[in-house]
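Next, two complexes with subunit A in common: one pairs it with subunit B, the other with subunit C.
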Partner chain A sequence: MRRRINHHRETDTANETSGRLQRYSGVLGGTGISRLITAILIIVVLVIPVFVKNPFILHLLIVTVFYAYISSSWNIVGGLAGQISLGHSVYVGIGAYTSTLLYSVYGVSPWIGMLAGGILAAIVSLIISYPCLRLQGVYYTLATIAFAETFRLFIFATERIGPFHIKAAQGLLVPLRIGFINYQFVSKAPYYYIILVLLAVVLTVTHVIKKTKLGFYLVAVRENQSVAQALGINTTTRKITAAAISAFFTGIGGTFFAQYILMVDPFTILGIMLSVTMVIMPIVGGVYSTFGPLLGTLILVPISELTTSFLGGRFIGFNVVLYGIAIVVAIYFLPQGLAGIGEIIRTRRVRTMDAEK
Partner chain B sequence: MMGVEGILECRAVTKRFGGLTAVDDFTFSVPAGHIYGLIGPNGAGKTTLFNVVSGEYGADAGEVMFAGDTITRLKPHRVCKRGIGRTFQTPRPLQNISVLDNVIIGAFLHTNRLEVARAEAYSTLKLIGLDKLHDRPAKSLTVPDRKRLEIAKALATKPRLLLLDEVMAGLTPTEVDELISLVYLIRDRGVTILLIEHVMRAVINLCETVAVMSNGKKIAEGHPDNIMENPSVIEAYLGEDYNA
Partner chain C sequence: MGLLVVQNLIAGVLIGCVYGLVSVGLSLLFGVMKFVNFAHGAVMMLSMYFMLIVVRLMKIDPFIGIIFVLPASFFVGYILAVVCEPIVIRERKTGSHTALLLTLGLSLIITNGAQIVFGPEFYNIETVLSGQTIVLSGVIINVGKLVAAGITMVIFCLVFIFLKFTDLGRAVRAVSQDMDSALLMGVGERQIFRIGFGISTSIVGIAGILILPFYSIYPTVGDVFQLKAFIIVILGGLGSIMGTLIGGLIIGVVEALGATAFNASYAQMCVFAVFLIILVLKPKGLFGKELT
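Now for the complex of A and B:
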């Protein structure tokens, strides 16, 4: 988490230091030592299932990485584009229902169903974005909540659509058939690796977007929309694009979740709680950073699970209180999230250096 | 020169906000390559007129023509794509990113590649004189530097017409002179300039033609030297009592 301080180098050219939008260059940047630490961390993460067989711990890891994945997917529209969507669980649901229905009715492999779910989620996001993205700030957020809840209630009340038996509130069971092509495994380890790969993919996509025209334009849209328009940016299309990309990856996460717990129902997969959780992790970890959502998840999920275990019977729902506290602390003290700590330290260092001049 | 269409033509442009007519039947023409001034007392409607030209507001009546094309109904980003750049009265840098990144965003209008945009942005910063500060966060700039950044951002979009909204405000005489040279530099690169200004020193030094706006209407137009003596202009600025 280090960044070279270039303020004392007057002769720096544009090529070396600029065109990098990230205030926090991330674990993969920086000097030799942080690269070594990163490599070690990656190796550790990859070999965990070899040494750890305890199913509860593996479950905890899978859930953590899953939340990191969908938070990072959300962050493409929430952090990069600055559009706070509180209805993102609708895309998780679409992904889950699409792959499950295609599998149980037509026997389509959930791998294909996963892509189909992602694409369908992206298409739905276009339909939702069109009216919603005309609204500014809070109103956009309210509209996303409205859409998500409407969708949830619709699924809640619908038994079937044509050949697809959605089974309303009952939910669907994914037909049990172990096998790679059926996206079902006996042990937890394969799920762990799959979600890890998905996380790597979405983090890479986020990182790449930030270095392209779309990424720069989204920063402008996020910081000041009228300025962005005065610079020739079609803010609506850019926002819609970010929303579609975000929805696609979120939908894919939905399929993964369905295949992992082998059940799809409107309570779990389409609830407001899931939407809110997807937003809290990035806010605590830092929305402007590629690794922010992951950071937030690494802090919040274990604490949440542990408090549920210890306080389980007596304080049900304590993790919700915890989330509330975390959000207030984050917004008040760390507006850029945990990832912003690097920025705060650097700013202090620059001020000291400037004072010394 | 008479009869030749200006690069910017406003014909009977009117903009109302409820009962208030902010721009009233305003007609003027800016010749290509000109430095044209728009002056008038506060609240005259000058920035509103800018906003109509740049597409932020829609005109209630009249037409805006740019290089022969009607742009009256175009949205701001389309107006920018046509070749009109603007600065905002209070500079609006994108605070949390670097000076260079601010200008890169403007430069992306004409390219899809980061290296190209970055190179363009850097040379724009050099022209403006901000290249030494390229790595600073925009929010750390001093006021005169923010104004320069504001111009740099617009310039990076390679406009044919640049709308400058009170860029000289709050500057010391030395800073004003520096900015005057910069405006000449920009004009010499083929950019037509339309500026709103209160700092008379800049108006007199820069503008070849000046239009005076008061209560939404054009009350005078001509060379800066003559305009100052115009009784209606004096009345507009200072009130009836001062009219000799």
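Now for the complex of A and C:
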């Protein structure tokens, strides 16, 4: 009799604790203290450029946030919809080339060019998606690689299309004209803030999608497409929508990058390495979580940039070896990515409590 | 002009055979375990560097070196299979493409690791066949490519005989047709996976050796072949050996004609265009499902 009462009490404690943990979980998760820390971090992130003037550090920050941005954009179709696209660099390229060509040939402000690039990328994604999203799994991935490579080869070997001189492998230089209207700045700080805003936008969009019907349909597609279709969900439309949104934001990122380094060429802005990098960050950080790609980027990019700067020379490519190791480790031990660690800890805690009965 | 076209066409056919050889290993894994091996090209690259070490450092004649490459490639494949196994088993239920990403990660490690160890320079191995050509009624044919194509045919026959007539081959076919029944019949799926992987990598290892007379060695040499191999496997149809050979020839010819008509980059685009058309029109490929 007494043993049964004890048993009951132990279980209540376990339930109570996990219930308490759940009650405080919001978008930013965790207890009240966690929220305070997050707020402090946000303030720190915003004022960094005021105190830090070292261009190398600012460059590191900008590159990190940029990769977080395009990884998060990829994650809209890769994580939310479960379609692993390994050709997303094509959208970065479209964004970059569109805004740069419009600017150098017609003098259109790159801000407008950025939107134009994003929209063009979304349109191209519709063209690519229509035949490809009927395919599943590997076939889709290979098709995205094929499309991306086709585009890269085309740019690589073409001098001009009509009035636009693409200059093939040489690449284009963005005409230097400092000024807000021209999306060019002397110091790095404005670039930092722009990409931060873009990141916030894309993270918000991701979060919103997850909460709406589209998000739930995408989860259904991701987990088991056949069942989703049997339930009457138009899986193709949903996937195409996610792909288009993803492409739009990725294209915008392309313009940003072009305006930051003031150069576009097929090697930097297109190519499988960029596509792969865009995928590695979310995998390591966690594809199912809104902040997963950001998490993955925060770990991988600084290490990558630092190893490139300090090792250099003989060790070119060492950062990619690290990327490879990160992916293998993530797949082996952290299928949900780093964001999944919270889940693992929580599960273990409840399990330990149950074991203490 | 016409002579040039014929010349390029023949070169395309010959290199197409080699493409087919690279692809048949991939086809075995794709068909047997539905396993996407993104590290396929990396193994090919490794076999070429291995040969480099054997010839330059150990001063062994390249033709004798082949004897070492075969078991070494098999071994690498076996190890890769052991590494990938837990993930394959874990993902069998959820059916996701984690295996693809896993092998992609392995490929990044291997390829860039090779770049760090060997450097990004291009190496060449001089053999009796390097740069040799024969002339048939005005058409210049590269002897190295001819030998490569010939040996490819021999290997294809061997693979065909293996699958059709040996016990192990029958087991492989059984697993590819119906995994559960094969398990009921007592076929050890893990061993089949490992041995299949090993055979797959041995074949690409040989392919890597065969192209040495007319191809340079550099860290990313395998990537180009790997991408074409995927295209060829899908073009020819999953699990069809004959389809892989035909697919290889088609790609080789398309590439050659594209290079003659335009330039090298546009030729590659033609290859991708063919691939995308096949994906849209006939995703099962030209020769469909059975592993024969």
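Convention: the second predicted complex is superposed on the first by the 323 of 357 C-alpha atoms of A that agree within 3 Å, B and C clash if a C-alpha of one lies under 4 Å from a C-alpha of the other, contacts with A are read in each partner's own complex, and residues count from 1 in each chain.
Simple rule for what comes next: a contact is a pair of C-beta atoms (placed from the backbone, for glycine too) under 8 Å apart; a residue touches a chain by one contact, two chains touch by 3 or more.
As the structure is a computational prediction, the values presented were derived from the model and not from experiment.
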Open item on the list: Taking the superposition on A as described, I'd like to know which of subunit B and subunit C A:53 touches: first, second, both or neither.
Closed with: neither
Task: First, second, both or neither for A:227, with subunit B first and subunit C second - done: first
Open item on the list: Contact-wise, after the overlay, does A:35 reach subunit B, subunit C, both or neither (first, second, both, neither)?
Closed with: neither
Task: Touched partner set for A:349, first subunit B, second subunit C, both or neither - done: neither
- [ ] Please work out whether A:321 is in contact with subunit B alone, subunit C alone, both, or neither, and reply first, second, both or neither.
- [x] second
Open item on the list: For the three-chain arrangement built by superposition, which of subunit B and subunit C touches the greater number of subunit A residues?
Closed with: C
TODO: With the two complexes superposed on chain A, say which partner A:142 touches: subunit B (first), subunit C (second), both, or neither.
DONE: second
Open item on the list: If we overlay the two complexes on their shared chain A, which of subunit B and subunit C does A:131 touch? Say first, second, both or neither.
Closed with: second
Open item on the list: After the superposition on A, what does A:332 contact: first (subunit B), second (subunit C), both or neither?
Closed with: second
TODO: State which residues of subunit A lie in both footprints, the one left by subunit B and the one left by subunit C.
DONE: none
- [ ] Provide the residue numbers of subunit A that touch subunit B in the complex, in ascending order.
- [x] 6-7, 10, 12, 14-15, 17-19, 21, 23, 211-213, 216-217, 219-220, 223-224, 226-235, 288
TODO: Using the touch rule from the top, collect the residues of subunit A that touch subunit C in their complex.
DONE: 82, 84, 131-132, 135, 137-139, 141-143, 145-147, 149-150, 153-154, 156-157, 276, 279-280, 283, 314-318, 320-321, 323-328, 331-332, 335
Open item on the list: Show me the residue ranges of subunit C that touch subunit A in the complex, using the header's touch definition.
Closed with: 36, 86-87, 95-98, 100-102, 104-113, 115-116, 119-120, 219, 227, 230-231, 234, 263-266, 268-269, 272-273, 275-276, 279-280, 283
Open item on the list: Show me the residue ranges of subunit B that touch subunit A in the complex, using the header's touch definition.
Closed with: 54, 56, 75-77, 80-81, 85-86, 88, 92, 94-98, 100-101, 104-106, 108-109, 111-114, 117-119, 121-122, 132, 134-135, 153-154, 156-157
